[in-house]
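Next, two complexes with subunit A in common: one pairs it with subunit B, the other with subunit C.
Let's look at the complex of A and B:
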């Protein structure tokens, strides 16, 4: 698909663009005529299944909002609202406090498929493909025939307009354009959609937003669900994450088309300097090998590189060895920030985070961070239909790719696989599936190997699975110590209760045989028991509570039986 | 040096338990000693310990020289502060206190009475001190082994089981000093109490030449009806299956105090052979008590495989079940069943895959067993050892 893309640099300065940043962002706009393609291949884009589609649509807007804010160093405030209009018919509103967009840019960003800024960039981003917000426009149009309503402002002037996509031309159609009378900064989009369903469970928008809040502690996210209930995920960090650095493509992963594109844009004069400056890990030695392996004239002008020459170079690259790609530029969420956000949003009893050093898989850099939260409100709570039966905890696995929550296709995901292959019993977790555990894994990379265009699961690359395993095992070891200690305390209390239950009987019997008061014997025995168990009284209260909970659960079990 | 030490160690380990008949005073003192020790352990901040004999099968052995089971002197230490022992320790102190009370007040109590006397719910729980009688029975056995005495001395008894018939005069010391003759109290004879210690039951006089132990109640009744004891100068004991401790003790006393030979008459099957072995060699469970219960001189009169041939009883034999075969093979391995005669007997049963019941003799005639079978076999001393 990428081979036939029309390339067109967007050099026309937009008169409305006030800030230089914004201009920078939209410089790399690339356009593709793929509206038809979209129409026929909805499922490839994750737009299948009624629940999944809704979550995906929410995701596209939220991601756009977060990216927009981060690009210009604004702490994001995201507002999402869903209204039920009829059966499987909703109105989705999403608002951010980002820089807003000039009118023509907004039209392209929201009304032209595959026109995003993210495509063709070697940088760790949330989306990787610019199908995003314009995909929602497309979907809305296909299911309801209605345009999306956009309000966008750069702080002073703001516009509202209706937007549709001309499917044949893949061009935005803007109508009803108005200048707002009030000042507004940010973007708000409202789309009417059909054939979707709202669910509260682990595949629904609420869970998606909860997890997004966890991986973006600098964002405040507010959600109003179709019943009018408002959930606010507060900001737990006022630090805007550093922007990921754009990295140069690694020779082992670059394709012919990408190489040609780079050659046309480069400032280097010759092919030789072009290769040395624009590629990662490509130096003089590599050039000498390349000279032997190909018939390309490397002192030729870089802009004149032909398709055939590029092919020769790429073929030679496959036979050559390069240093592993540089790993700078990756931006994990960060231990501190994960700790804070999980504490606030999950509120577990105990929590450990591990960040692995960056690693590489087939020419791409990646990095893994993992957290294990135990006890408290950790774990997925199953609320039974009968409220009196209370809740039980199941393990909850939160997967993220470049900080974006992955809610679907867990079965084929490298993260899920890594979780499964760990022997959790070694980490004092006896019944993994039914433990109060929340496991968070974030894989970041300039190129996440998704298993499909739905982008909900990470391919099982050996190196990734291994890194995830190591990260989890590192956190597991820390958790294990805590659980084991706690269990010992609980054991002690259980033992103490058993001994104390028998003490009066023993004391009574002995007091009847020899001349010693029952009460004295009891006191002495209690002392002996305490010494034997050497109870740490400070931990006792907490352990007792857990014990109570366990008992309640046991009793409930009995009642059920 | 090492070797010497090993030998010494072995000697101690192989020391055999000798249980003594202790009187009430001694027992009361023993219990007080144990309790005092417990209190002083508690005072020192240690877990109180109850020491009793280790009664596991690994600690039991067959003493060939004497001809019965013995228990090696090894101990089990039951600690209150061991979570696995705590409940049993609590039960032990309860039973110990109760035994102490009975001894001091001169009362006797049945096992079941002790169980109900001590059973109550522990405060703030659903747990009882004892959930079933087996628990208090076991603890009592621990106590008798801990005190190195026999249960009977602790004034605790079980249900009466077993019957005695014949010209034997006894005195019930604890019940109006009643004197009675077991041939003159009707066809049922005397119901053997679980408690037949000399301080309770005195054997005054016996007019008989031997003691015949019979497995089944039906055979016991048959022999009484046929007037077998009188005609043959025999004392008859019916065990009604596996003999109770009281029955074994009484057989033991009659044998040793009045020098009466003991003959055992059971079915020719694994169960019957086991009854014989318990009377003769004692039991694994009460190995320490063999001295009071075992009768190594006892002889087996029938039923035997030879009887089947001799009296042509082939058509009234029963087939061996798989479990019987397994059991016979086990019996053949036991050190106390290694005599030529027994090995041959068991092998024949295995080869023919048959067993023979006492009642099969009725196939000849009802009186055959009393008129012919037993008198002739006993006269001819046709026994298995």
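Let's look at the complex of A and C:
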């Protein structure tokens, strides 16, 4: 009863208050720019935590520099400098030798969110949102009130200018624009920033650049840290990776809405030619299957395709088989390059790489490559652990998306998820967490489904998790043989040691019985033991054979559902 | 040498290609709407995974409904219905009894991203981005090609209409608009969606609503699942929580840029009055301290405040002490309500709640409340474990932000981070992961720093992690006493059992020696044992005393640095 009474009073009160309240609330109704949104929610850009923020800022410029070089097939030379100006106050300079930008483009590319060349194309690029570099401009402005300084030149003409963002309008504000007297090709940006901290170690810019060097062996990266120490990651390959080509959406997983949008924009006249020209791996045979499976009139105007027809087509697609996406659109780091990089940087005992065939999710082509390195310097050293042989190691997981290292947000990443779901004991790895393992996974795609604009973790899309799992299990099988073999070898060594211990004694006894010299008998016994328990791990020839054998095994070809 | 040659050839080739490439690339330069951005990156809205997507869609409507009711002090009645229309194809209907919306506002609120009443105010609301509900409209349209159907009425007038989004323009498209003949107050939205799946269990809509009921005991929530089963979460409180008031930014952690933006917009004439009117907890005394610590002329026009002056002021703020943010702006669930909710839903053996005093990060007020429930039905039951007493449990962590349950992305959440950094053994919890514990943490704030637009995890801002830690440790201390006490009790029980075993024998021996009846001696001994090893756990009176004692202890007052 008391409750009912209370409820009633509440209702009366609220009735009176309501009209006034409603009016006031709707007076507050406003529309906001995307710059305002990300300014207030800069955590969504990965801009939180003093160490993480600094690494994220470096990351945005470096990925842009590498993309710029890739656009025009140049061997990248990236230069990054950090100067400490005060407490948690730094100046960040980043330079690339890319094609540079015309002035108007540069302003928007670096000073307007959601503007750029990458967002709408089906091309494998490192950046893909048109947010990153503008985010740095915004961060600089928010923490120091200063513009970023840009120098950019296309070879013919070069400009320098200061850049800020008009946050309410999401528009660039360019000042102090000057044409450069000297020749300059590329882009250099200098940003002054506060509330950040430089650290060496797992989450700092140096580790970020080290991993960038691993996945981009054709890039030369120079880093000058706040103490003035210079680290150069030289090229380990002078071959420019082939530029990824634009790929059309793949019929196997494209959605209805995307198909309809393509139909609205196509220049093709009929639905038949539309499908053939706008989709990857769709040809005459596919069309004939579609004609059987659907009631769609394929000579109808493409622009008039209805939702229902598109749904019929998509339903049929799911039952059809298509070739995997064209490899021209996906450029993995490559087995050779990963081997070379990891040998140089991790120097493990044993190392295997798996490259899966391309697959798709939501119409987007993607591909997974995975390496497992075992022993040697593989794994994450524990702090305070002995630097010498026999140190304790933990498993180290290096995640990459379109060759860009992901250092944060592992907890929500498809790669980490895939790693977790594997029963590593099946691959002779008894205590996964505490093994001397470095695992490298690179997911490349014409569109990486990041969980956040900060681009540090890949959403757990089923198809991607599954491909990562398969890549890791394939590498796991290879590594498993080695580890099992190594265990057997270790057992042999132990046995041999026991035998060797007893040889003198046995030889002595035997020499008395058969009346032969003890030394001769010893030699004979040693020979027998060595033959029986021969070590073959260090045997180069055989190692090669194992490799060959595994390569054959790999050509399983399985991939698209 | 070979390398050099190769490099040279590369350079020549790229030089020729360059001019053409550059032109083509910049032709591709485009600007995009925020709707296009989130359409392509719907993973950032939490819209991936069939189960997760469905829960996220429910979540967006329910939070909007609760916010709407809170706006006008109404006891919320939320109705959610899911109908299965086909394979991975559902119809979602959500209704609230809130104030409803005028037609133009409704269109934008539900059909335009970054539009709303919540984004720019310093008010504790569940939604805060102006993205959620429009995101549902977009998802419905992308997967079924259909508009969402909206009915909304402010009491006087009610409309029904169909709504889609023009993705390229980020504008609502309203069709079939009709004025309703019948009276209707509130908002009802029906969306048809595909590529989603309904599941009971940890990540499904039912669990989401269960947790919403825990944190919103004044709401009545009705859920009809796809099988037609109806679950009602009745009110456990008819008291409407006080509406959170708008809070001004707090000087202790506000940033320079935010201070300057306030100065640009203020109606106050001088810097002195500006600071007093636009900041929380800033008065005459604070101004006098500022005058000593800075060289700013406080009678200067507020609009002319420079970056350098603002920096001086902010630097001084960091050295000053301010009262904690006004509690009128932060409305926790409340100790009483959490106790009641958890007792009803989890029914633990022992339960303690801690509410911290308000604190701030980046000028935003926030506050943490944490509960730890032990024993009984606390913890997550393991699947296949016995339903009866003695089942195995795992720790269960219920995260909330502004009373909204967070079911996903635990791996990047400040709450999970805080839980991990605590040494639970210090609180008598020996095996944390496998203990019958339910931990509830609710972070409330005028602006929650989410890591992603999907709003499922709170960024690890230092101040927040620290407050969650403190809240948990305080609750931990309380629970620790209980667990330690329980252990002692168990030891007592064991001792008593041993004594009781020997009582007859001892009584028999004694009866012979002192020539007394064995039965009398037995009674006497039993009395002594019971007194010495009395059980007091079930003693209500004492439990209350412990609570009292702890409450005194709690008033430590520590919070702002």
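By our rule, the second predicted complex is superposed on the first by the 366 of 561 C-alpha atoms of A that agree within 3 Å, B and C clash if a C-alpha of one lies under 4 Å from a C-alpha of the other, contacts with A are read in each partner's own complex, and residues count from 1 in each chain.
As a working rule, a residue touches a chain if its C-beta (ideal position, glycine included) is under 8 Å from a C-beta of that chain, and two chains touch if they have at least 3 such contacts.
It should be emphasised that the depicted structure is a prediction, and the values quoted were computed from it without experimental measurement.
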First (subunit B), second (subunit C), both or neither: which does A:459 touch?
second
Scan A:257 for contacts with subunit B and subunit C and give back first, second, both or neither.
second
Using the superposition on chain A described above, determine whether A:363 touches subunit B (first), subunit C (second), both, or neither.
neither
Which holds for A:72: it touches subunit B only (first), subunit C only (second), both, or neither?
second
Please work out whether A:143 is in contact with subunit B alone, subunit C alone, both, or neither, and reply first, second, both or neither.
second
Tell me the contact category for A:436 with respect to subunit B and subunit C: first, second, both or neither.
neither
Kindly classify A:504 by the partners it touches after superposition: subunit B alone (first), subunit C alone (second), both, or neither?
first
With both structures placed on chain A, which of the two partners, subunit B or subunit C, ends up touching more residues of subunit A?
C
Subunit B versus subunit C as contact partner of A:135, first or second or both or neither
neither
Overlap of subunit B and subunit C contacts on subunit A, residues none
Taking the complex as given, what residues does subunit C use to touch subunit A?
3-4, 6-7, 10-11, 13-14, 17-18, 21-22, 25-26, 28-34, 36-37, 40-41, 43-44, 48-49, 71-75, 99, 101-102, 105, 108-109, 112, 114-117, 119-121, 129-130, 141-143, 145, 154-155, 238-240, 255-257, 260, 307, 311, 409-412, 416, 447, 449-454, 457, 459-462
Okay, in this complex, where on subunit B does subunit A touch?
31-32, 35-36, 38-39, 42-43, 45-48, 80-81, 83, 86-87, 89-90, 93-94, 96-97, 100-101, 122-125, 127, 129
What residues of subunit A sit close enough to touch subunit B in their complex?
495, 498-499, 501-502, 504-506, 508-510, 512-514, 516, 521, 524-525, 527-529, 531-532
